[in-house]
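Shared between the two complexes below is chain A, which pairs with chain B and chain C, respectively.
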Partner chain A sequence: MKKSLFDHLLDWSGRVLLTMILGFVLLPFLVVFIASFNDSAILSFPPKNWSLRWYSNAIEYRDFGKGLINSLKVSAIAATFAMIAGSGFAYVLNRYDFSLKSLLNSILMSPLIIPNFTIGLGLLILSTAASLPRTIWLVVAVHVIIVLPFVIRSVYVSLQNFERRYEQAAESLGAAPLRVLLTITLPLLVPGLISGALFAAILSFNEFTASLFVVNQGTQTFPVAMYNYVREYADPTLAAVSVIYVIAVAALLLVVHKFFRLEKVLNVE
Partner chain B sequence: MSNEISPSVLQNNTQHPAVQIDGVGKSFSGTVALEPVWLKIRQGEFLTLLGPSGCGKTTLLNLIAGFLEADCGELFINRDLVTQVPPHRREIGIVFQNYALFPHMNVAQNVGYGLRTRHVSKAETAERVREALELVKLGDFADRKPNQLSGGQQQRVALARALVIRPKVLLLDEPFSALDRNLRTAMQVELKEIQTRLGLTTVFVTHDQSEALSMSDRIAVMSRGQIRQIGSPTDIYDRPQNQFVSTFVGDANLFSVTLLDRDETFVRLTVGETQLQLETYQDDLPEPGPVTLFARPEQCKLTQAGQAGSIPATVALTVYQGSYAEVHLDCAAADNRVMQRVPASEAPSAGTKVGIALPSRGPAIYKLNGEVE
Partner chain C sequence: MSKRPFLGWFSLPSVLIAFAIAASFIAIVQYSFRAYVPGSLDPGGFTLDNFTTLWKTVYGQAFLNTVLLCLWTAIFTLLIGYPLAYAMVRAQSVKLRSAILLISLTPLFLGEIVRTYSWIIVLGNRGFVNATLMQMGFIDAPINFMFTMTGVVIALVHFTLPIVVVMLAAALSHIDMNLERAATSLGAGRVRVFASITLPLSIPGIAAATSTAFAWTFSAFATPQMIGGGKVQTISTLVYQVGFASFNFPLAASLSLVGLLFTIAVLAIFNTGIRRLEKFGAHS
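And now, the complex of A and B:
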């Protein structure tokens, strides 16, 4: 079939638009990537001289190291807690009918509409009133509240798509409910659980607003450490940090993909 | 073989029914899925629940399996009251439409699952799994994962998994509908052989009438949450008791006739100009007047035009089918086109005037505009 001029125009404008959108999505990272190799101590663009010194600065800066360790600890613990509690709640919401179900659902989902700083502030006031020390557990508590709805959603969707016939087949073969849960339901939900936990860990790792209220010098998380750094210096160290961060996350996702297939974990199959 | 797979029912006496359903019914949020039904399934019987989707057959199967709780009535399996017994203590084998093989276990683990829940020793489990897989001719596939098997192989695994626990009853939920035509026929024969050899009481759910006719000892035809007729395949096909069964099972030619009167065995009626006397098996006949007459194509015969007692018709078209030809006829006395099968070499050409001779016994008569679904 011969294409009309209009079809050609549509074809080309479509391609241009698509390229522009993709470029727009990738643009910030490209700019930061280039800026991280700028030798100059101010964030000017484009760079005139090239250097790796901001990378060594980023690695050697003590607060980043401490912040990174804090953040890894907090996100690992918070994601684990959130996954265990969230899976339980998701299971109850999916499988049982009871009178206060919609109320429970609303409460569990409320952190989605309550701003993070409110949650941070609330726990700050509470811990001060109760004279609790500002330990890392306070940060963990804040993060669990924030990531819980996402874990519940993720596991709930997995349960919703779960083929109940597997459980019925197991029951007919003589498996009591607990055995069905442990040998059929849980193993088949592993991708959903991993996805929920991974999502929670990434959210927790990136969380800044609420953390700002509840950390102190010793417990500050990585994003808070970065924030404190920019308040004092305006050099490209943060650009270098960003590049390292993106590479680290990409590596993590590759590992997950190798073991669990990412499409499955992210529920996009 | 010492561990020949045999259902436990064989050791019991065989007088009492394998399954007894006493007034079991079920509604879902106000909508009746199954009216209370009464049904006894004999030991070793192959009983089919046949009906269109939404007729309640799957609901009844789920009630027998225990996946649903009955609103009313009692259910017995081998004389034991099981109405309140959860599915995992009913000792029922089930094969689902999509087989529901556990994707994270290999074939042997799938088949052995029901033995592990029963704490059968490792050695015995291995032996019984091996036997079950040999029974379904999959001895070499023990280490495969379900997704490495074809549809037919998956179905055999599902069957082996259900049989290995020596169930009291085997439930089959449309197990053939995912298979292609040739494989389906082969699997039907194989399943029927295994079922007969083991003497296994089986409840088979299907919407496919030919499956039901070829495999069953008895068929329960269902519609709108009720059993409309229960009987042997011959009863159902040759002596349908109502219009729904007539039209749902097999082909039927429908004629508009006038019922004049009846006595013990005969009915007299007119089709157009033609007056006929037919032998009837029906207990329930409509009042004299305009009625609908159902006749199977193979009960009717094509005759010369104008032959005494025949209904005049004109050939509209013939469809060649290889071993036979379908002749579609326009007939003033018929509600729709009449279809007849004749040997391909004898097929009349379009436009030929012919007669249709009704059989002297067999056709059923129902109320005009009776229910058809």
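And now, the complex of A and C:
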């Protein structure tokens, strides 16, 4: 089909628009990349002298190291808990009817609407009123509450696309319910469980607002440590941290994209 | 449905979590009706003072700011996100598609802090935009983006964009391409196909994306806190300030409660409107 002049014009304006939008998305990361190599503590564009000192500062700053360890711990534990609780509930939601089912469902899904600062404040007030110490378990509890809806959703979707005939075949051959669950249902759900847990871990690792309300000096997570650094110092150390962060996340996503294809994971095919 | 061997075991952990959520919600409701005792974390007796305090201008201004931020962010995010989602779903080459996908989705997995900090470097008085414009001689004095609504909206649009793109792309990818092909074969131009087929069919996706954009912006804290710098107060920054500067938990609780009721009301009105629109569309 021969394209008219108007069609060509449309194609080109589409390309220009797309480039501009992608430029807007990438701009802050490109700028922070340049700023991280600026030798001076004061921001200037383009930088007059280049250095890696902010990278070594970022690696040596002790709160970042502690925060990173806390965040890795919290996100691993929270994702595991959320996966156990979430897959159990998704199974029950999919297979059984019982009283208060919809109430339970709406309470567990409510963190999707309740702002994170409200969840953080609620748990802070609750722990203060109950005179609970502000340990890392309080941070874990907040994170489980926040990531649980995403895990429930992801496992529930896999259960809906589930081929029930395999279970029925095993049952008709005389397998007990527990055996059907362990040898048929669970193994078939593994991909959904893994992607749900991975998503939960990433969400938890990035969570900032609710964490800010419930952490103390000893339990502060990585995002909270970064926030506290910006409030205290004006130098570009955080630019170096951001560059490392962006590269790590982009690399992780590239790997996920290679193996799972992001279109499929995010249902945008 | 008669045999229920795992019902109790499997729902137990989630029931415990549901109790924790309900308890913290009850704690917020209860504290919002209690008096603030300066210097103590324990609240006093029953009072309605917290809610009358909310009528003060600071709080009204914070509500207004929050609503304006939500509105502007939703509008600009949709305007930018729709073409991006469209290009992602309809890109012919696999490479281009993967590139758009990775570039627009990577920010979704970067926390609010990294993204907000990067925007401070872009928008600050000595930042990239001002330094570039001044060196090129377009402006003599830096443009103030920091501590302004404009700056906060720019960063919030960037913050909300990935999730909106995901939702719009999901909606666009489920539109039956045969409808567009049929329209084209009947002689409709590309603009007409888009305006009379693609756009109307993606309205449910646009609606879902808009309400998510609203909830995300309402919930945002680091962006208005760091870029607004206390000059652009929102409900979230005020809750934090009231809660941590003076440890006035009762007032922070009542502010959160009113904010939550407001969110639920907006989303409910929005959903009803959309359902009406869909019914109308189904009948016509």
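What we mean here is this: the second predicted complex is superposed on the first by the 241 of 269 C-alpha atoms of A that agree within 3 Å, B and C clash if a C-alpha of one lies under 4 Å from a C-alpha of the other, contacts with A are read in each partner's own complex, and residues count from 1 in each chain.
Everything below uses one rule, namely that a contact is a pair of C-beta atoms (placed from the backbone, for glycine too) under 8 Å apart; a residue touches a chain by one contact, two chains touch by 3 or more.
If you're wondering where the values come from, they're calculated on a predicted model, not measured in any experiment.
When the two structures are aligned on the shared chain, A:V255 is found in touch with neither chain B nor chain C. By the touch criterion defined above, A:I184 lies against chain B but remains apart from chain C after alignment on the C-alpha atoms of chain A.
Shared-chain residue A:F45: touches chain C; no touch with chain B. Touch criterion met: A:I84 reaches chain C, while chain B stays clear of it.
Of the two partner chains placed by the overlay, only chain C lies in contact with A:A141; chain B stays clear of it.
In the superposed three-chain model, the partner touching more residues of chain A is C, compared with the other of chain B and chain C.
Shared contact residues of chain A, touching chain B in one structure and chain C in the other: 177. Listing the residues of chain A that touch chain B in their complex gives 163, 165-166, 168-177, 179-180, 183-184, 187-188. If you check the complex, the residues on chain B that touch chain A are 65-67, 86-94, 96, 98, 100, 102-104, 113-114, 117-118, 161-162, 165, 171.
Those residues of chain A that touch chain C in the complex are listed here as 6-7, 10, 14, 17-18, 21-22, 24-29, 31-32, 34-35, 42-45, 81, 84-86, 88-89, 91-92, 96-98, 104, 107-108, 110-119, 121-126, 128-129, 141, 144-145, 148, 152, 177-178, 181, 202, 205-209, 212-213, 223, 226-227, 230, 236, 238-239, 241-242, 245-246, 249-250, 252-254, 257, 262-263, 266-269.
Those residues of chain C whose C-beta lies close enough to touch chain A in the complex are 1, 3-7, 9-18, 20-25, 27-28, 31, 41-42, 80, 83-84, 87-89, 98, 100-107, 109-115, 117-122, 124, 126-128, 131-132, 135, 158, 161, 166, 169-170, 173, 189-191, 215, 218-219, 221-222, 226, 236, 239-240, 243, 249, 252-253, 256, 259-260, 263-264, 267.
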